[in-house]
Every structure is written in C-alpha cells, then in structure tokens.
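Given below, in the form of structure tokens, are the structures.
In what follows, chain A forms one complex with chain B and a second complex with chain C.
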Partner chain A sequence: MKLDPRTKLFMVFVVSLVAMMSATTPLLWGIRLTITIIPIILLVTEKKYASALRFFLAYAIAFVLAFYFLSEKSEGIISSLLIGYCGIVVQFMPAMITAWYVIRTTKIGEFMSCMQKMHIPDGIAVSLAVVMRFFPTIREEYSSINDAMRMRGVMLGGGNVLRMFEFRMIPLLFSCVNIGEELSAAAITRGLGGDTKRSSVIELKLGFADYLLMTFLTAATVIFVMYKYFL
Partner chain B sequence: MDNKSKKLKAKDFITVGIFAAILFAVEFAFGMLGYIHPFIVASYVIILPLASGIPMMLFYTKVEKFGMITIVSILMAIIMFVGGMGYLGAPLIILSGLAADFIAKSGNYKSSKKTVLSFGVFNLWICANYFPILVTAESYRQDLIDGGYSAEYVNNLFAAINVKTIGILVVLCFVFGCIGAVIGKAVVKKHFEKAGIV
Partner chain C sequence: MSIVELENIIFQYKGSKDGSLNNINLNVEKGQTVLLCGASGSGKTSIIRLINGLIPHYYSGELEGEIRVAGHDIKKTELHELAGTVGTVFQNPRSQFFSVDTDGEIVFGPENIGLDPKEIKARLNDIVVEMNLDEILGRSIFDLSGGQKQRIACASVAALLPEIILLDEPSSNLDFDSIELLRGIIMEWKRQGKTIIISEHRLWYLKDAVDRVIYMENGKMAREWTGEEFVALSEDEVKSYKLRPIVLEEELIRDIRGESKASLCSVEDAIELKDFYFSYKKHPYIFLKKHFKESDGDFLNLNIQSLSIPKGKITGLVGPNGTGKSTFLRCLCGLEHDCRGKIISDGKIYKGRDRLKICYMVMQDVNHQLFTDSVKSEVMLSMKDKDEARCDEILESLGLADYKDTHPMALSGGQKQRVAIASAIASDAEILLFDEPTSGLDYSHMEKVSELLQQLASSGASVIVSTHDPELISECCDYVLGLNHGKVVYLKENSKQQRR
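What follows is the complex of A and B.
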C-alpha cells in the first residue's frame, strides 16, 4: 500500500497531538492504542517486519509494566528509573514510531513535491528534508567515530568527560560539514534554488486509502478531545 | 554562487537543516537523562547551552544572511511538536530564534560580542519548553501522573520548575548560553579554523 506523503504528515500531526494529551479513561487509552497500532500495521505492509516487531514488543512491554506493576505510589530509585523509561516509551513511542515510519518510507523527492503542493515556503521544505535525511547519517557517523575512538583506546567513562565529549563532537562536526557540502553540490545540480518553479517526476494523488486513513484519524482525534475535555 | 545577495539560497537551507539536525541530536541525547531525575530537567538550562555551543558556533560562522537562525528555531519548534512537547512553547521558540537573528544581524553576523549575545538569547528556546509546566500547571501535573510518572517525580519537577524559579532559569539559560558561546568559539577556533573549514 502506497500512502501519499500528505497523509503521512497528517498522521504525524495527529499522533503527536494525541500523544501530548494524556489518556485517562479506558476509551481514551483505546483510541491511543489504535493510533499506535496504525503505524505498526503500516510498517508491516511496507515489509519492514523486523522494525514493526521491535516497536510492537517495546511498546507492549512498557505498556504492561507501566500499567500493572507501577503506580504513582511507587518510590525508590529503581522503580522511578523504570517508571521513567516506561513512561517515556508509552508517552513518546507512538510519535516515534510514526516519525520513523514516515522517514523510512518517504522518498525525499516525494516529500519535496508534497511540500510544494501544500505551498510550504521552499526554505522550510528544503531544511526539513535535510533534517529528515540527516538523522540516520548522524547516527551512522557517530557510531563509526565511536568505533574509531575505541580502537585507539579513547573510551567513554574513565578519564576526562570533557575530552570524551570533544573527541566525539569535533569529528562528528567535521564529517557533517563535509557531507553538507556534498549535499548542497548534489542539490544544486538537480536545480534546487533555481528561479523557475521546479517540476517533479512524482505525481502525487490522494487515493482511497488516503481518504480512509485521514477520515479515521480525524474522527479519532475529535472523539479523543471531546471525551477528554467536554464530557 | 553570489555570496553578497541577501536572499537565502539552497545552500543556506541545507546548512540550516544540517545544524538543526545536529542541535536536535545533542538535545535528544541529553534529554534522555531528564527521565532519571526531574532536577536534570531543570538543569537543561546549563547542560544544553554548553553542549550545543560548539556546533552552534560553527553554524554562526556560516551564517551571513538574515533568516537562517530563525529557520533553525522554526525547525526546532516543529521537531519539538512532533516529539510530543506540545504547541504552547512553539511560538516562544520561534520568537527567541527571531530575536537572536536580529541581534546577530545588528553585528552583521561578524561581531563576536553580538554572536555571544545572540546565542544567549537563542538558548531561551530551552525555557520555552518549560512553558506548559508553568501555564497549565494543574492539568499538566494531572496529565503526568495519569501518564504513569510517579508522584515523587512530578513533585520534584514542580519544585524545580515553577513560576518563582522560571526567572532564575531564564537568567541561567542566558548566562550559560553566553558561556557556551565563548567555549564554542574557542573550540571552533582551535579545531576548525586551523583545518581551514571555516
């Protein structure tokens, strides 16, 4: 199933909105769980089984832990640590899963053409596209730098914390700046920043699935807000 | 490319995107610590400016036109919203970015005094994230407890961040922003100017 990027962005918006409001009653939890399940199902339809399973398990475990074993009365360092991590997972995981899904399944070309259709200023669209593309890069670069540092015996932990920070931050910045140069060269080659309106190879069209999902998400949000604040 | 033109070009947007991503990565790495103890959440005003000083100072050396710092703050607002921080702080984040941009512009993006000041103001975006805690204190408190945080955590959080302490936090944020800028400038000078990247 191929979703329109606009639907995906809408989904990100809705999920973050719902994630912000806390669920108090079983109905609200139900809506929240449904909204969390949707991106996981979408991940499965995109054949990303491993990550779908990983997200599902992480969320389920945190959910069960937070719900059945810990309450607001629990004190002490271990339970507060646990609660912290379960809380964060339950709270932010839905938004994270959705964001991950969108980043992984949206091609930059699609994203740009979708931004153009929504009349988002070029500046924001380009910067956002770069941010999206860049997170995985930062992680990769960081882990290779980390490996290199470890090979030379510069470990995290023991020794001077500031130096550890410096030894990782500086190489990371170096490679990010270099990648940025290459990226701008590539972008300019493809006509970004020209004066004429850019055309796109990808024709975006909202399909049946898009309308269905958007309606469903809107309805879920409206019900959530209604029941939380007005009933 | 014509560097003198005042209009932002594709290259500038890419620079903005990259540094916004780095800034967020730094924020995210330290943000995770906040779940250990609420006092760490309050001490973001010290940790984050110091940690983000280096990348941001490198960014400032690449800023030559009005708007770049503002766009970083807009991106941060968007990311914070998607990350579930709420929409209340978003206008404040953008506002602090805009103010920082004006300050840096008044120094023509070259004056180091203005850069330090501008980064101090820019860091107020961290305080903007405390905004929901202040404005919607009661419902936010209930939200957190319902959301599965322990009462102990929530109490400590509200002891650390409330209407009385926010003034101190804002001042600390600004001061450490300036300190972070000075350190960042030194590091940039030590590493990047020598290598000829700046």
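What follows is the complex of A and C.
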C-alpha cells in the first residue's frame, strides 16, 4: 500500500500525541493500542515482517508486564528496573515504530515534494531531508566502527564504560562531519541553495487509503481527548 | 575560444599549506579534454575547485587572480548559478549522493534549478538509455557497488547538461571493468563536445581521451604535454615524474580482472584454510540458524572448501568488484560470525573467535579504526603486554616517532594508515589483512605502502592484500590469488614481481 507522505507525517503527529497522553480507562487504552497497531500493520503490508514482529513482541511484553505484574505495591530492584523499562517502551515505542516506518518507506524525493505541497520553505525541507538521508549513513559508519573495535578487541573499552562510548563516538563524529562536508559541497555544485523555486518530478495525490487513515486517526484523537478531559 | 581562464592564480587554504596554488595560468579551449596529474597535495583538486567555484565560495582561503568560466566571473558568481554550466564528479561515491534512491539522485540537480517536471523526466529517460542504467534504476544507493555509484554520479551530473565537466579522481574506488565503463562515459562526453577536466592518479584509461596533460608539482604547473606527446613518454620518464604507468601490461590486466588462466599452484610452507562458506542472505530459520555448506552452491557469497595461503609472503587478492574479496577478508579474520571456517597454522586450529586473535585487518577507511587521542596510545591499545620500548620501536620503524603524542585525526591520510599498520604490528597477529590499501594513492605513496608490506612479510607475517591496483601487485605481491563469485579461481606465483 502506498501512502502519501502527508498522511505519514500526520500519523507521526497523532501517534506521538495519543501515546504521550496518559491513558487511564479501558476505552483510552483501547484507542491507544489500536493506534499503536496501525504502524505495525503498515510494516507488514510493506513486507517488513521481521521488524513488525520485533516491534510487536517488544511492545506486547512491556505492556503485559506493566499491566499484570507491576503495580504501585511492587518492591525491589528488579521490579523498579522493570517499571522503568516497561514505562519507557509503552510510552515511546508507538512513536518510534511510526517514525521508523515513515523513514523506511519514504523516498527523499517524495518527502521534498510533500514539503513543497505544504508550502514549507526549501531551507527547512532540505535540512530535514539531509537528516533523513543521514540515518543509513550513520548506521553504515557505525557498523564499520564496531567491526574495527571487535578486530582490536576493545568492544568493551577495557571495561571502562566511558571509553566504550568514546571509542564509538569519536570516529563516528569525525566521519559524519567529513561526509556531511563533502555531501554539501556536492549538493551545492548541483544547484542546491539557489533562489529558484525547486520543482519536483514526483506528483503526490491523496488516495482512498490516505483519506481513510486520516479520518480514522482524527476520530481516534478526538474521542481520546473528549473522554479524557471533558467527559 | 577559451571557456576556462585562470589568470595569475595564487591561493592558499586557511590554516593549511597543502594543495595551495602558486601562479597558475591556464586556458582551456571549448571541447578540450585536459588531464591534471601529479602527486597528492600538488594542487590538482584545488584547480578543480576553482573552476566549479567551491573555492572561494565553499572552501575559504586567500585567493588572488582572475577566474572566468564560460563567461562567469567566478569570484562574483553564486555557486548555484553555475549548476547548469559546470558539473563535478567527486572522488568519494559515498559522500556525493543527496538522495537514497538512484532515480531521485539523477533528477536532484534539475529539480534544484526548477526545471519543468516533464523536461526532467525526458532528460532522465535520455540519460538512462545513453548510459545504460536500466538495471540500477530504482535501487537504493546503499546497495550499489562502487562502480555503479560512480555511474549514477556521472548520470546525475550529466542531467544538468553542463558544458564543462570536472572529474576529481573518479576512478579511486573502482575495479578494472568499472574504470572501462567510466572511460566509455568520458569518451561519450568528449564526442558530445563537452569540455572535460580530469584530475587523476591512474592514467592508463585516459591515454586515448586526453588532448592536454598538465603535470602539477607543489602548486605549480610544472610540465605540459599534448595528448600524443604524453602517450609517447617512455616508461622511465613516467617513473621519474612519480606517475603511475600509462600503459598496462596485458598479463597484469588479466590478473587484476581475475581472469588469468593459471590454476592453483602448490605452496610448501602454508597456512591452511578449511570450510569457508558464507552468504549475506540468510536461510530462513526460527530457532536454530542453519550453517552454510558447500552444497548451498550459488547461494553462497563465499565458497572455499580448502585453500593454502603462503606463509610469510604477500598474497594479492584480486577479482572484480563485488566478487567476494572483502567478504573473504571479513570471514577470514572472524568478523562474520556465521562463517565457520577454520585456520590451521603450525598444527594449531583456530576457529570462531580465535580467528580474531591471529588475524588483523587494516580497513580501507582507516578513520574507522583509530580510537584514542594519541598515536602512542593507539599502538599501546593493541598490545597485550603494554611494552613501551616495543611501541617506540614500532613507531620508529614506520617513521612515526615524531608524531608520538599527536592526535591521530590530525594526521594526513598516509600517516593515519601507517598508525593503523603500527597497531596491526603491535597486535602480534600472524596474518595481516589489507583491504584496498592503495586506492586513491599517488605513485610515491603507493610505493611506500608496498615497501611497508614487504617489511611486514620479511618479519614473518603472512600478508593478504585485496586490491585493484596493478602497480601494487607488480611491486610487491609474491603470489596472486584470484577470486570469482566467491570461489578461488587460481593461486599463482607472481612472475611480474620486481622485488629488490
């Protein structure tokens, strides 16, 4: 299923909004769970089964733990750690899954075209696009650095947590800065940054699925807010 | 009529003496193909940057003199105005892509200058046909080989229809066949009457294309030849300029393409490798991973049942891009867990993680491999018994003694590489692996690497070096190991070896 980037952005917004407001009654929990399931289903439609399953399991486990095994009366280090873990997962995971889905399935061209449709200035659109483009680069660099650390037997930084972090971050920062500099030089020589309005090859059109999803998301948010604050 | 005019140029980068220019006067006629050659840091790249305006608008420094390109006064022209006039293909395919997908990359330039979408699509179609890009269209940039990336880079420059095309060491990361394709692209541009300026270390693929050759030395234009004069230069003359050869020997070409007719030669004193099977694709599994076996056949990216690596020698690992050279090195040193190959040396068997103990790989991008804040601690980090005297000895032998307390990131590329080699020596690994150590290096740096490798081998290490660099093979490799589709095709003694 091909969704319009605008729908995807709207989804990021709604999911983060609903997931951040605390759910207290079964109805509110129901809405929140439904909204969390949507991006997971979308991942399945994109044939990203493994990540869909992984997200689903992580969320389900945290959810079940938080609901059935932990309460205000829980004591001890293990339960306090668990509360921390589950709380973070249940609270932030939905937004993360959605963001991951959006980044994975949106081409930079589509994103730029969407920004133009929404009349966002080119400067902001380009910077956001560069951020999106950089995720895979960072991952690639990070995995080479990890390899190098394994080779040199310094995966654990000699048992020093600070060094473990330092050994990863310093080469990563250096190479990202270098790549960023070369990247912008290359982009400028191809006309980025002019006063001319950018054009776009990709024509975006909202389809049936987009309207359906947007209506559903809006309705869910309205019901959530109504029941939480006004009823 | 001159399309590029550089007049009395004096330039120095802010805070660095490298790559500065001294009294450059250069006129390039429309339709000419000009080659800039010379050592690293001699100012080739700076000239390219002057013409595309990155100097002075992006890289700042002190600039004197006049630059006119196709009627634009570069000093007064904004960079984006040059987009339809000057196009640049850069050296590093990793960092010149804005998009993540190939189509998006080709249309990126035309979109920037606000062309009509219909016109952009028409241009995209033309270019795809012209450069034969059908098979790599609609793919992610991150899944492409170096050669494919460079073709996309060329296509995305051509999409702006520039009159002048600049190429800054475009072949650095390419194998023989990709360079041939690149040559085809350059010839096509030449036929279309574009003005082409190339800065390059590898010269053989350009010999029929160039009209003028300019030899740079310490920021000056030291010599100039016409295309015919350049091709007629004798081997010794080329060497005396510290340039890479203009003509490649047939046998070497066959060697680096992994097409030599030889078969496996027997090696007396050897390290045995057994059962190296690996694939990047995984068998689907639920709980237990299935191991890779020989019977997986074409599914495998690496398929070596047994192989003898000459001990204490330098073995050059050759074959086209994407044929499994890097995979082989990664499996050999144990970075790929799923490869369960065994290394047998002196009757001892190393498998799994133990392989990491006797192997050490110096990666292509050494920036990933340096972690600490001084050269000395970098070397000490690799040592099991922190022996300061030995550390000093190693640094001394690599000419790094003066840089003991310098931050590794503050060193030049060549020095960084030597630091990485120093930590390889310090790790006491028996098998040293090098992944493309000379890509993008000029002749004299390549010679230095080759001397270092010989030094390592004569101190008893077995060196395996994956390379596309014919000169490196003829300089230092004792054996040549050809890979194709993950299988060993041949292992032969290198007849061309000119070891002193």
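Definition applied: the second predicted complex is superposed on the first by the 212 of 231 C-alpha atoms of A that agree within 3 Å, B and C clash if a C-alpha of one lies under 4 Å from a C-alpha of the other, contacts with A are read in each partner's own complex, and residues count from 1 in each chain.
One rule holds in what follows: a contact is a pair of C-beta atoms (placed from the backbone, for glycine too) under 8 Å apart; a residue touches a chain by one contact, two chains touch by 3 or more.
The model shown is predicted, which means the values in this text are computed figures rather than measured ones.
In the superposed pair of complexes, A:I124 makes contact with chain B only, with no contact to chain C. In the superposed model, A:A187 lies in contact with both chain B and chain C. When the two structures are aligned on the shared chain, A:F174 is found in touch with chain B and with chain C. By the document's definition of touching, of the two partners only chain B reaches A:A19; chain C does not. Touch criterion not met for A:A220: it reaches neither chain B nor chain C.
By the document's definition of touching, neither partner reaches A:M11: not chain B, not chain C. Shared-chain residue A:M115: touches no atom of chain B or chain C.
When the two structures are aligned on the shared chain, A:I31 is found in touch with neither chain B nor chain C. With both structures placed on the common chain, the touch criterion links A:C86 to chain B but leaves chain C unconnected.
In the superposition on chain A, the residues of chain A contacted by chain B and by chain C overlap at 129-130, 166, 170, 174, 179, 183-184, 187-188, 192-193.
Those residues of chain B that touch chain A in the shared complex are 8-11, 13-18, 20-22, 24-25, 32, 35-37, 51, 54-55, 58, 67, 71, 74-75, 78-79, 81-87, 142-154, 187, 191-192, 195, 197. Of all residues in chain A, those touching chain C in their complex are 107-109, 112, 129-130, 132-133, 136-137, 140-141, 144-145, 147-154, 166-167, 170-171, 174-175, 178-179, 182-201, 203.
Remark: chain A residues 12, 16, 19-24, 66-67, 70, 72-75, 79-81, 83-88, 90-92, 95, 99, 122-124, 126-131, 134-135, 138, 165-166, 169-170, 172-174, 176-177, 179-180, 183-184, 187-188, 192-193 touch chain B in the complex. Of all residues in chain C, those touching chain A in their complex are 52-54, 58, 78-84, 86-88, 90, 92, 94-101, 103-104, 107-117, 120-121, 124, 142, 156-157, 160, 330, 333, 335, 356, 360-361, 363, 365, 367-372, 381-382, 409, 423, 427.
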